[in-house]
Each structure stands twice: as structure tokens, then as C-alpha cells.
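Shown next, in C-alpha cells, is the structure this report addresses.
Order as written gives the chain letters A, B, C and D; numbering starts at 1 within each chain.
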């Protein structure tokens, strides 16, 4: 048993942390200024382009992607780097070209795409020349149960025709999001998990209509392309746009969700660390009732509990990553579900307490806390709500035998 | 002991509830539409004007205000009506002219104002011809400790000169907010609670500068005039604008805060009821994994716990109101602190669970839940953070002797 | 609406409180001494006899029982008196002849018993000449679902023959517990809630065998007759021992459980108050790290939260009592379920924190806290576990429509 | 980073688990029977002797002790074995001669004892020929603050004379506990952490009086020698009985407490696993309301949350052990405090829910759950209450700087 990172990871991590600390965090006010100056634009802002340029030059690029197409890191090695980007979810993941949903989409293309699909869409995504969206969730059904999906993908000669309505297509408000991966049913009569397929739909295909942006606790998340509701009305794409085969949609979704979920957890830990750092800073510098807040017993308990939670959950995330590296994503499913539920819960409490310690500044835009809260809060819903994962975990647990 | 409302209260309550149900809730989409159509305006929107007209015609007007100037209701009688308005915090309180901070400001003027001050400012407020703001909290200090307040109010002949910076001046972004009540120090060397005074500052006085709006999570709260940061630079007003005497500021603030806090709690209970109603509706109609969500044991527990919490805390609010009616606001201070802490905590959990049950719709603008959450969340900070009240309550408790 | 007790209740309450404070609490060490001196006896100890004599002389007797047979108090009037007895659950309820399960058994006999049954068993119970037990729960089935009950009561000519096994028959280890009320099935084929009947079984009937005592967290509860497992092997009693008619068992149980549950809650509030009083005393007198524990912020929060919880839940208990008094036990069922769940939960947290503040003394027999914890903990299981009540409450809530 | 145990550890662990499963758990009823048959004896019962004999023969002996005197395991390797013993805290630790307080006392003697002290006391302890006690906590002061300790150890020629009163001397009711390690003040005027010394006091020294046993909830813990209050009245022992030098007491205590705390946490994890196993078994086999409890959503959530908590905290315990192995106990102090607080909290919730699922059986002696609860509950107090550790952790956290 060994809880230390290998030297190469330590080195890369130090570099990534320094980048976040020296370049990303100081750039946050600039992002705010650029967004305020262009309230009606959804595309990537200049400050992000600049950071991407710098990060790529430093080799901090596509670190999420295993194999030759990406940086080739293990999940364990990527974990602390992803965590560092979680300190600034609005800037750092994009700066490193490690931002959802592009990461998951690139994984899908790298793993399941044809060479032609990879050349056409993966290559520009790896260069951050374009962005992408993942169109799975639907407004009318409980999408955590994939068999509910209503969007239809019908074969028509050399084409497929897509009809349906999606929402929470993150990034799709950004006009640079040139390609959408759409999940729909090709065969409603097939076996339960063989009904769905995934298909590539270029944004400019006739029949694609970006209906409106959605908000998360009042935030439109313009900094990462927002969240769109999209209508697909008889959208016709070449049959070659299908990813893998008909009926493979569910399996691809599962393959995509495992890494997606752990990446969210890694970043959320970083968000929790930042909230704790802000709490610490505030506690030291703010005075009330005769002394700094750091002297209050209740504040100390908050800090202590935050530290304990973050330490324990980081280890669980790392062990999950290690299982993915050593026995495969599929056999790490239980652990992925565990962190998917436990990490956002804990981080939300930490952010909430950091807000409380900041008073009015905490709920406002004067600290990043309220927006961080909103982002982590949505993780309890995205990719399956907590309750679905807990129920599944509980069922497994109650089936398992147990001895000392 | 009698837990029933008297017949007059029941009748008025039935009327108020019907108004909220029949007129206010259906008008919410119209408010959204009007706000979307006028994104840069902060004043009262036409739909509010229309509802105010109707409510006033029905006698549902100024119900918060005891005595002759208002409707003359007891706190106990006002409580369930205020709760009904909490179902739609954006519209209903304003429709009844019972919205903070005007309510507190009207109370101050009714109780402490001179006839001239009342004629000039209270009268138009009671008619909703103008709005007002209360300028107490400051960005640079922990305002829960009133002795920290930095704004200075200096006598200069027949005038007072005000210098300082305030924020979280709710409603002040609305240009109709014609009058600000400003808290500041007149005598920094006086006894701890005799240093502060309150003074009336018309919005258009030279030196008053509304600096910027603040957001609560991502909401600017334009529907009730937003929250402003305001700079007062050598603002000169007639000495007659002082409310009561020099050094009375702390006492007036205390007098104002008691009713203000209980009103917030009353409305928050209504917000909790609405969240529970939305949860119920969703649980009945949304299907997942083979049945309605209402069949899930976890969802039932949420509904049950919400009901129990709301019932218990409503009684504590009502008892507090009854104490204010029978022994006075001052002797109800402990109970006011208790509900100030307990009600928002409980309601936040209910709203959060309602959000969770709604999935993506819950965090978005498609349900009122996320915005309700933000509003109630700020109550844990406004008028003194929970921790200050808990510490004060705990100190009292640990001083008291106890026998069976 | 009126939150005050009427003068008669206030007077009786003052008397009851004084009795508990002056006579009962100081007698606790004597009870310990008597129990230690007679480790193998389960009957009522002399100190209890003495207190009963005094209480009866003062008129503090059978206060739980409405109507002519008892003191004729309303539930609202009895509530604060029962709470006072909850300060010393081992002594005070017995001293006032208001201890479970005798209270419920007396209610059953008073409401459903024949004159002969009342004369034979109710009269000596009202004088505390004998004690009684209630035999409902069974070891082999989930007794919260009454249809599971396995004990059979078969008619055989002029007799009934009872066969089955019961446990958690509180008080039955006491040889003075002369009469058992036994719940069993008379007609397994009847409608679901018409299968059960209740029957009086004198302790000395052949075939009745008290198998063993049960413990609650290590406590044998000898002070109130312990908790017995009892076997009934072909126990033959006269047909006249049936309470009400065949098939009435479920209805009688429901009638008995409502008051039983609220009495438990009333007393539990008193237990919570005592724990808070002990916490307060400890916080004032114990010094650590340079000052009394009462100066610690965390301790203050505990005291504050305890106070808030107790105030809110007391009101919910009182409102429930008021509903029972005004609209009947049946229509107060929802509220009874609510307090059944909410009160023990809250009181357990308070007692647990009081334990924590006392350190080693808290878990030991040097304070009453650990034993109080064990007693209240069992309330979360007795008369239906929390989860059954929450599920039932939640189902009702999710069925109800809701408007402001 | 590597989350797997090395092969030697895996092998030993498999052996230890099999021993607990095959020999220890089935022996629990025998222990109950032996205790019931000898209610007034506190010494080690025959079943323990038998298990010790078997375990020693198998080499499962003194595994806690690093270095030559013991089995030489690292903390990481010992951790899962200690966890396995936590399934049966009454039997397994003693069976392996790994039970507190003997473990800590053996560590002290091995690390700080003179050869003579080791020969006289360590050797028979390593053979389990005698037992021992650790006399540190005092009834009259908050012993978590070591400077409070009141016991005096005065030099008098070739002897030391000890006067004071201790309690919670675990194991000391057992007459086989032949040696007590006593902490007291040798120089009240020395620097804060140089005032205390530790000294060996044979049980049969004149002036030593075991006053009484203490209970934990209602348990006397006879199976591991109970918890004694002990008076030391002018107890005279040779000066050679001092452990290390005068003033070294605090340092020895710190050295002893680190391993002691982590051992408690390791075992508590096993206790949590056993509670979860019992919960699982019950949920599968108990039927209510038409199906097994395992089909209830709430029960599934309990099982899921238990699993997540245990996984995360086990990793934190293992990392702490790894730090102790690699950088030393002193630099693992923060982590030791973290697990000291977090593990018992989580395990208590799991045991409590297992109790709830078992209904009446859960609080009684028919399952081990209530006694397990009592044991883990006392861990929140022993070796410093949670609040002291949280405050210390929080202070450290609020001092530390933080960057991504």
C-alpha cells in the first residue's frame, strides 16, 4: 500500500497547480469583465483563449485523455490535476482543454469513432478549435432511466432522421459548439439496453434549433457555453455519422459516464478546497465581537469537519481512479456511484458554510462561492440523481454476503 | 389554550389565500415576461401595479401595520396572511403593500416619525406611490455587531452630514425608492448602544450615489428593486430628518428588526409550503423506474419530514406572534431569535429536496424553486447571521436555572 | 388563539412540578440504593410506595385518565404535568400512578371494559394495588403491521384458549403485574382489521410462563417492572374476559395507542428538559482550557438548538392534545404520528449532547443521562418504528392537494 | 499509489478473518453463558482462555506490537487485522492478545521501560499471564487537558508516594490486572508539559483501593475487566518503578495515545461492518408490509450510506497508518485526530440504523448491536472528547495557508 504519487505525477501536478495559482485565479476578474462587456455572447472569451494558448505551450493540455490521442495519464495521475482545476471551474478546465462536456465527447470519439469521424471532429476538439455538446437528457422524461428516452433516430436510406427534444445540453449555447452527440432510440422494440444509439449531428444541420438557454440558480453559465434546450425536427444526417453500431448507445453512454462522473468529483474536491481556503482567509481577517472569526469554536469546527471530509473523500476518489486503472471502469462502478453521491454532498456543505462565514458577500458575486454552490448543486442531479445511485448501491450492498 | 384563529382572521385569511391562489400565482408568468421584456429597468412592473390595485380594492392592504395607520391586525392574525404571501415572494407581498423593506420603514415612521415626516414619507408609502430602502449593513464591517458601523452622521448647524458606504440596501435599485432610512454614528464616544442614529435621506440628495446592484446567487431580484451598494459622500439633509433623537438608532433598529424577522419567518413558511406543494405535484405526476415518484419510500420520508417541520415551526412562529401581542416585542426576543434561526434552516431543506425531486427543472427557471432557495438562503445571513443568534440564545439558556 | 394554560391547569401544574422537584428528584438516589440492595426483585420498591402515598394524598393521582374514573383532565391540561414527570421517568410517572403500560390498560378498561371487568381489574389499578402488562408485540413478526400477529385466541365453549409468544411486555417481570391484556387473532379469515381481539389473562392462569427479562442498552428497567418475554401455552380463560367483542382488537389497539403515544412524547419533552438542565449545570461548573464550558461557542449552539427544538415540539404536542380534546383522537392521528417521530429524535440529540458534555460521567450511572437515552431510544421503535409512521405520513401528504 | 495490501499481509489477514469468523463469532454465546453463570466474577472467562490458546498456536498473537517484542507488523498491515477483531470487540482483541488497555501498556513498557520493568511486567503481559490497567483519567477534572491532573507522585527517598483518585481505569476490575500504570504530577511548578510522570503500581500495593465499577450505558463490560474507579492513598512504590524520567509523563502519554486512537478506529470500522452485515441479514429475512425490508427505499439508502462511509473512512485510517509507518506518529497527529472524530461518528450512525432495523431485538441483548453502540459511543469521549480534537484540528486548518 502506498499513498504517494509517483515522481512524474508530482512534477506535473506541481506545474498544473502553479499554473492555476499564478495564471488562472488572477484571470478570474478579467473573465468577469469580458462577460460584463459582452452580455449577449456565448462563445469562448479572449481570456480563455489566452490561457489555452499558455497551457498548451506548457504541455498542460488534454491531460484527461488516456492513450495516444491524449496525454496518456492514468486516472490516478490525472486526479490531483483535475482537482487543481476545480479551484476555478469557470476557467481552469477550459484552459487545459479538460472541460466537460468536450472531455466526454472526445473520449467517445477516441474510443468508438471511425477514423473519419475522428479526423473530422476529434482532431479540432483536441486543438480546442471547436467545442461540442452532448444531447442526452430530455425535458419530458426521467432520463436517469435510459429506457425512457423519447428522441427517435430513424434510418432512411443512407441517412438517419432525428426527431426529439433535448435539454441541459451544456455548452450548446456557444456557437463554436460545432458538433452535437445525440442519444436516441433506433429500435424501441429491441432489448431494453439495445434500443438506443448515438449519432453525430453538426450544429448547422437543417432542423436543429437551439431553443433557449437554461439557468442554474440564476446563472446562465455563459463562461462555458451555457445549457441549451434544443429541438431536433426531422434532422437528416448521413448514416456514417452513427457512432459504433445501432443499439450501442446505452453501452457508449455507460462508458462515457464513468470517467465523466469521476472527473466531476475530482474537480468538486478542488472546489471544496477553494471554499475552505476562502473560509480560512475570511476567518483570519474578519473581526466580530472582539476577535477574528477564527477564534470562534463553531468556525473551528467547520474548518475541521471540512478538512476531514475532503481528506476522506479524496482518498475514495483516488481509490476509484486506481480501480479504473487496474481492474477497469466497469468493475469500479460501485465506487464511482459512491463518490458521485458523497463528494458533492460534502462539498456543498463546505461551500455553504463558507458562504455563511462571508455574510452578504458570500451570496453575492463578490466571492465565487454562490456560483460554485450552484455548480456543485447541479452535480447532485446531473448524470443521475443521488437517489438513483443510492438505491442501486443499497441494492448491491443488501445482496452481498459479509464476513469479517 | 386555543389553537384556532378567531372568525374575523379566518375570513380575512380565506380572502387573502384566494387572492394569492386566483390572482397572484397565475400572474407569475406575466411578471417573468415583463422582466424579460425590460431587462434594464428596476422599477415596479405593470403586473404588480395591477395586483396592487386589485388588492387595495379588496381591502388586502397594509395588513402588516398595527394601529390606526394600518389594518390594525394583531401579529397572530397577520401571521397566516403573511404566510400566504410567502407562496409568491416576488409578487404577493408587494401586491398587498406588505413587502420588505417598506414594511419596516413604514413601522419606523409610524412609531418614531414626526407628523411632518409621516406626512411627507409615510403617507405615500402607505399608498405605494413610492418605495423606500433601509441602509444599515456596510461592506467593510460585521454589521451584526451594531457598534461596528462606520457611517458617520455629523451635525452641522441646521443640517446633518452623512458619510459612509452601505450595501444590501434592498429595493434601492428601484428609482421609485424615493427615501432611504440611513443608520450611522452620531456620537462614537457615547455608550455602546447610544452611538447610532437614524436619518431620512431622500434619494435625490446630492452626494447619494447608487453604486451597483448586488446579486443573490445569480438573481438580481429586480422584481423587488434589487439590492444596492450606495455611497454617501458628504450628504447634507435638514436636521429635521433625524428620526427620534440622537443616539436612538440602536433602539429603533431593535424595534424594527423584531417584526421584520418574524415577517420573514411567516413568509418563509409559505415558501416552504409552496415547495412542498410542488414536491407533491411532481411526485404524483413524474414516473421513473416503473411508478410515480410518490411510491418511493425516500420521497415519502421527505414529504413527511417537511410536513412535521412546517407544523412545528408554524406553531413556534404563532406563539412568538402571540407573545409580541400580549407581552410585547421586547419580551419575545428569545422566541424571535429562535424562529429566525430555525425557520430558514428547515425551509431550505424542504426547498432543496423539492429541487432534487424536480431534477434539472428544479435548478433552472422553469420552477420557482431555485430562486426561492436563494431568497431563503439569504435570510440565514440578513438581520444577523444564524451563529450570532444561536450564540446569544445559548448564552441566555446557559444562564437560566431550570426545574421541572 | 391563546397559548396560555387556564388558571386551574397552571395551579395543578405548579403543584405537580413542585412535587417532582421537592420529592421525586431527591428520591432518585434512594431508588438506586433500594435496587442495589435487592438485585433479584422486580416488584415496586418502597420509595415508590412512599411517593405514591404522598402524591395520592395531594391529589396528584390518575391525572392521565379523562372522565369520571380519573382526574378528568383534558389532554392539554395533562400535557405539562406529564412533561414534568418526564424529568424522572423511573419514579415520577409511577408516583402519580400515571406510568405506562398501566395508563393505557386502565384506559382500555375504562372505555371498553364491562362493569365486572372494571370492578375486578380497573379498580385495583386505579388504587395502584396491582400493576398490569400489555402483551401485543411478538418476537417473530413485524408487529407494526398488526395483521402479522401470530398469537391465536380460540373460542372453546365458555372459554377462550390463548396460544402464542409475546415480548416487550413492559412491567410483566413485576410479580405484582396481576393482569395481562393480550392481543391475538380470533378469526384469521376476517377482514384485515377485524381479525384481532383483546382478552384479559390473569398472570396466574395455567399455561402463562414469563420466560425471561429483556434489556434496553444493558438496563433491565427493574424500576418499572422490566420487559418480559412471555409464552402462552393453551391458556384458558373465561369467555367473559374478552374485551369488547371478537374482532375489536385492532380498533381498541388504535384507541389505546393514540393517547399512549402522546403521553410518551409529553414525558420525553420533560426528559429533554432535564438533559438540558444537566447540560446547563455542567457547562457552568466544569472548567477546561481556561474557562467554563459555557463559554465555548459549540456548547452554546447545543444549548440554543436544544431550546429551539423543545419549544417547537412542545407546541406541536400541545396542538395535538388540543385536537384530541376538540375533534377527537381519530382526527388527530396525523399529528400523533408527527410527534411520535419528531419528539424522540430531537430529545435523543439533546440527551446525547448532554452525555458528551459530561464525558465519562455521561455514559456511566453517575448521571441519569445514559439511562434516559436508552429509554427514549426505545421510543423510536415502540408502538411502530419511525419509518412506518413517516411512510404513512408521507403517503397522506403526497395525496393531499395544497393551495396557499 | 497502490491501494492493495502486500501478499504477506493478505495472507495473515485471511487467516485472522477466518479465525474471527470460524472461532470467535461462534463463541459469543458461550461467553454470554459463562458471564451469566458467574455474575460476580471479573476475571478472564474460560472461553477467552481457550481462544487465546488457539490464536497463539496459530501465530495470531501480539500483532499490534511493532519491533522484536511483538509481531513486527507495520501499522498498515495491522490495520485490517485489527478491523477484523472489531467484529467482536468482547472476544477477538483479547483472543489475539491485542486488547486495550494492555496493548498501550505493553507499548509503553516496550518503548520506555527498563529491562527490569520489561522482564517483570512486559513479559507476562505478552504471554497474557496477567492483565494491566492505565490510570490517567480523573473524576474531578477535565482530563483532556493534561495539566488539570490532580494525582500527586512525590519522591520520598528511594520511593515515590502516590495520592489521588482515578476512574475509567479499564480492565482494573479484573483481579488478574496485576499492574497499573499511573499518571500523576511530580512537579506542579515545571513547564506545562513537564509536570507529569508515569509510574508502575502493582495492584497489591498497600493504599491501592479499587472503589467501584462504572457502567457504560447499562453494561459493566465484565468481559474485558470493566472500568474501575480507584483510590490511591499514600501508595508507596520503589523509585525504580518510574517509567523513563520525572516529567516524561506527558510525552509518554502522547506516544501511547497515537497508536491507541488508531487501533480504536480500526476496530470501530470492523464494528461498523458487522452492524452493516447484521442490517443486511435482517433486511433480507424480515418481512413487513408485503415484502422483505430490503425492498424499502429507505433501507437501501441506509445500506448505501453505510457502505460509502465505511469505504471512505477506512482509506483515511489506512493513510494515517501509512503516515505513521513512513513519517512517524508525530507527523500523523492531524490525521489521527481526524479519524478519532470521524470514525466513531459514522459507525454510531450505522449501528443506530442497524438497531432501528431490528426493532426490539436491536436494543436488547438478542443482538450485539446495543452493546456495540455503547462501546463506540464511549470512544467519542475517551482519549479526549470530539470537541477538543475538532477545535485543535480547526485551529491548525485556520492557520494553514492554501493554494490549489
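Worth a mention:
Going forward, a residue touches a chain if its C-beta (ideal position, glycine included) is under 8 Å from a C-beta of that chain, and two chains touch if they have at least 3 such contacts.
All values derive from a computational prediction rather than experimental measurement.
For A-B, the equivalent interface among the listed pairs A-D, A-C or C-D is C-D, as over half of the contact pairs agree by residue number. Here B-D and C-D are compared, and the pair linked by more C-beta contacts is C-D. Computed centre separation for the pair subunit B/subunit C is 43 angstrom, with centres defined by C-alpha atoms. Centroids built from CA atoms put subunit D at 53 Å from subunit B. Averaged C-alpha coordinates give centres for subunit C and subunit D that are 37 Å from one another.
Across the assembly, subunit D contributes residues 296-299, 301, 387, 391 that each touch 2 or more other chains. If you check the complex, the residues on subunit B that touch subunit D are 296-299, 301. Those residues of subunit B that touch subunit A in the shared complex are 137, 139, 142-145, 148, 167-168, 214-220, 286-289, 296, 298, 355-356, 359-366, 370-371, 373-374, 377-378, 380-382, 385-388, 391. Interface residues of subunit C facing subunit B in the complex, by the touch rule stated above, are 1-6, 17, 20-21, 25, 76, 84, 87, 270, 273-274, 276-277, 280, 283-284, 294, 297, 299-308, 311-313, 315-316, 318-319, 322-323, 335, 338, 341-342, 387, 389-395, 397-398, 400, 402-404.
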